[in-house]
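In the two assemblies presented below, chain A is common to both, partnered first by chain B and then by chain C.
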Partner chain A sequence: MSRLGAVFAREARLAWSGGGGPAGPAAFFLAAITLAPLAIGPSPELLAAAGPGLMGFAALLSVLQSAERLYGDDFSDGTLDLYALSPMGLSLLCLAKTLGQGIATLWPLPVIALLGGLMYGVPLQPSMMLAAALAAAIPALVLLAGFAGALAAGVRRSGLLIALIAAPMMVPVLIFAAGAGRAGFEGDERALANLVLTLAVSLGAIALAPFGIAAAVKSRLG
Partner chain B sequence: MLSYFSNPQRFDGLARRVIPVLGVLTVLLLGIGIYLSFFGSPPDYQQGDTVRIMYVHVPAAYMAMALYAALAGASFVFFVWRHALADAAAEVIAPVGAVFTVLALITGSLWGKPMWGTWWEWDARMTSVLVLLLVYLGYMALRAALEDAQQAARAGAVLAMAGVVNLVIVKFSVDWWSSLHQPASVIRFDGPTIHSSQLWPLAIMALAYTMLAAWLVFYRLRSRAVIQRARQIERRKLQAARAAQSTQGSGA
Partner chain C sequence: MLAMTTALAEFPSLVALSPQTLEATGLSLSRGGLRLVERLDLALAPSGALLLVGPNGTGKTTLLRALAGLVRPDAGAVAIGDQPAGQVAADTLGWLGHADGLKPNETLRHALRFWADMHGTPRTAILPLMRVMGIEALIDRPAGQLSRGQQRRAGLVRVALANRPLWLLDEPAGPLDGAGRDRLAELVAWHRSRGGGVIAATHQTLDWPGAAMLDLGMYR
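== the complex of A and B ==
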């Protein structure tokens, strides 16, 4: 267990030292939700209605934006070869590694989404619902990005490839997480159901994705 | 059975005999099917002649899904038994499946305009077919990006198998999404179960599409094997030339 903790801590420290930790995804997320009203138009009703969906979409994009680093560096410097030799089991290590980096870099997203929701004119309660749903979605998003990242590790310009592979996989998470915020805004009682479904997808990803990521890593190590 | 056709020569012998048979069957069944769908079936009491789009649309959608199932099945066989032919099949099936998916989307759009009054509707089924197209494209892009053939084969197999789990969840979530989002603006084809005068042309067209897909897959498999053999011969020639050069160099 402590060895898994060490991998988790290593990833968190690397995220801070190598690329400013949460600053990159947070700034990207902020830029995306700042630009969106300029494209859609300043109408308050329109923005409030589109807000939760836009927030979910922008969060997905910022996860994809940082996905290239998840497995790319460790693939090229040989760390993954060592992980594959470890008696710990590759899937557990991949789980600790992916969640470590994901949580270290993505924790500000729900906070910014809460603020962004209020700025878009979404009332407080649905904004909080949306923030909670995004927090619940992060494990699933980062594990799916990790799966795509492991498949495409070390490929030149892998960012585009990762986005193409991961986008269809993220459809359910996006639907449920953004759906929680939207249903909350519309006063629909299904907001809670959406939140619980987001959690379910995340738990399912935690249970299944490590095996997929490990298989992906092994397929690339040859 | 599985190991029998891992011998390329045996498979080539089979493919050589199967390809013309499939070609003839495709042309024959497509001919009958198109005749039946234009002249041998009545116009619909609600949709009029537009219903005939169904005979090209439904089989395309069915092939889009069936070919993904075939892709995933071939990937599974390759992943478990490392059967080279299964990987070759997965590689050649993917573009064929993607083309049928595009065909399903286009014909569906052409059918949607007269029936629903719109080329595109964010309806659950259409959206999940669009996602299926993305899955095909992602698979093809991954294989194209990995230069090492063995790595491309294994990574592709992992992705294709994960896609099965993913597509099931996508189907379920998109149903939930469109029921949350959209009041019924789409006329659903929920009427009485399909009449036999329409079922016959549809079944024959579905069979014709299946033969067409099988024909294309076998054809591509065989041409892939031929290309590989040509490359091998070229490589050997190059090696022989190099060897001759080095012996000359050491002799002088």
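== the complex of A and C ==
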């Protein structure tokens, strides 16, 4: 258990000191939701209706945008060899590593989504529902991105490969998380159901993705 | 005076190693469709040292990776003790690849503490081992600010910290200067005196007493 904590803490620390930590994904997310209204048009009703879905989508893209670093750097600097040979099971290590990096870099997204919702004219309660759904979606999103990142580690232009692999797998998370915000806005009682489904997908990803990531890492090293 | 301090380098007292043998039988390896090693047998006894030599591209690195269970051989098997290497590698191997496994923004203090914790070695062993390799003054420097040779020394400290009976080292002396090679020899001698074995791929002549030599150029 202490090893699990050590990996989690190290990866979170490296994400902070390495590439600006949460600044990258946060800036990407902020830029996307600030620019979207300029394209959609100034109608307040339209913006409020589109807000939750748009923010779910922008969050997914900002997770993908930072996915290349998850395993690519470790592959080239030899860390992945050492992790594969560490006395801790590789699956568990990959879980701690991915969540450590993911949470350290992506924690601002729900906060920005809450403020963004208000900015788009979505009332406070649905905005909070959307933020909660995004927070629930982050483990699933980052583990799927990690799986794709591990498969593409050391490949040139791995960003492209990651987007192609991870985007289809992220579809259910996007539907449930954005659905929670949308249903909240429409006053539909299915908002809570969507939130719970988002959590379920995240739990499923926590249970299954580490094995996939570990297998991908092993095959990339071999 | 300097030579004196090196000769009397103080090694930390770590939990005793449980010496292991490593044995490869009928090993065939290829890379990118090119056969590198054919039906290779090798064995390493506790306290033994084996140097893998041969021109570039003869498969030294691939062989080391296969011994560590990172690469699956085309044929043959690697055993550590009486178990397949893949199953026990994590508990028996200290690994130094061609990259040092350091993070440019992480200080040596943080990195080595992490690896000590991972391997259950007390953190108090870090400084003595850094002193042995002559890099104790760099402990608060991020790895990215170190020279290649200093990074290599840090990588060797990490290997020693793992406190594992079998060391697999890929070009351990590559970027090291003369003094660094002496310190490496001392580190290896300490490891062997504790019953540990070493296999190193190298282009340098490493003057390790009693080390066997395997020329992979002959297997082409």
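We take it that the second predicted complex is superposed on the first by the 222 of 222 C-alpha atoms of A that agree within 3 Å, B and C clash if a C-alpha of one lies under 4 Å from a C-alpha of the other, contacts with A are read in each partner's own complex, and residues count from 1 in each chain.
FYI, a contact is a pair of C-beta atoms (placed from the backbone, for glycine too) under 8 Å apart; a residue touches a chain by one contact, two chains touch by 3 or more.
The structure presented is a predicted model; accordingly, all values stated were derived computationally and were not measured.
Novice: Check the residue A:L54 against both partner chains and state whether it touches chain B (first), chain C (second), both, or neither.
Specialist: Neither partner.
Novice: Determine, under the contact definition given at the top, whether A:I165 touches first (chain B), second (chain C), both, or neither.
Specialist: Only chain B is touched by A:I165; chain C is not.
Novice: Contact-wise, after the overlay, does A:A15 reach chain B, chain C, both or neither (first, second, both, neither)?
Specialist: The answer is neither, since A:A15 touches no partner chain.
Novice: Please work out whether A:G179 is in contact with chain B alone, chain C alone, both, or neither, and reply first, second, both or neither.
Specialist: A:G179 sits against chain B, while chain C stays out of touch.
Novice: According to the stated criteria, A:A152 is in contact with first (chain B), second (chain C), both, or neither; which is it?
Specialist: Touch status of A:A152: first partner only.
Novice: Pick one for A:G222: touches chain B only (first), chain C only (second), both, or neither.
Specialist: Touch partners of A:G222: chain B and chain C.
Novice: Looking only at contacts as defined up top, I'd like to know whether chain B or chain C touches more of chain A.
Specialist: With both complexes superposed on chain A, more residues of chain A are touched by B.
Novice: In the overlaid three-chain picture, which partner chain does A:A84 touch, first (chain B) or second (chain C), both, or neither?
Specialist: second
Novice: So in the superposed three-chain picture, is A:L99 touching just chain B, just chain C, both, or none of them (first/second/both/neither)?
Specialist: A:L99: touches no partner chain.
Novice: Overlap the chain B and chain C contact sets on chain A and report the shared residues.
Specialist: Comparing the two interfaces on chain A, one with chain B and one with chain C, the shared residues are 222.
Novice: Under the touch definition given earlier, write down the residues of chain C that touch chain A in their complex.
Specialist: Going by the criterion above, the answer is residues 65, 68, 70-72, 89-91, 93, 95, 97-106, 110, 114-115, 117-120.
Novice: Can you check the complex and tell me which residues of chain B touch chain A?
Specialist: It comes out as residues 131, 134-135, 137-138, 141-142, 145-146, 148, 150-151, 154-155, 157-159, 162-163, 165-166, 169-170, 172-174, 176-177, 180-181.
Novice: What does chain A use to touch chain B in their complex?
Specialist: Residue list for chain A touching chain B: 147, 151-152, 155-156, 158, 161, 164-165, 167-169, 171-172, 175-176, 179, 182-183, 188, 190, 194, 197, 201, 208, 212, 215-216, 218-220, 222.
Novice: Would you mind writing out the residues of chain A in touch with chain C in their complex?
Specialist: 2-3, 6-7, 10, 13-14, 17-18, 73, 76-79, 81-82, 84-88, 221-222
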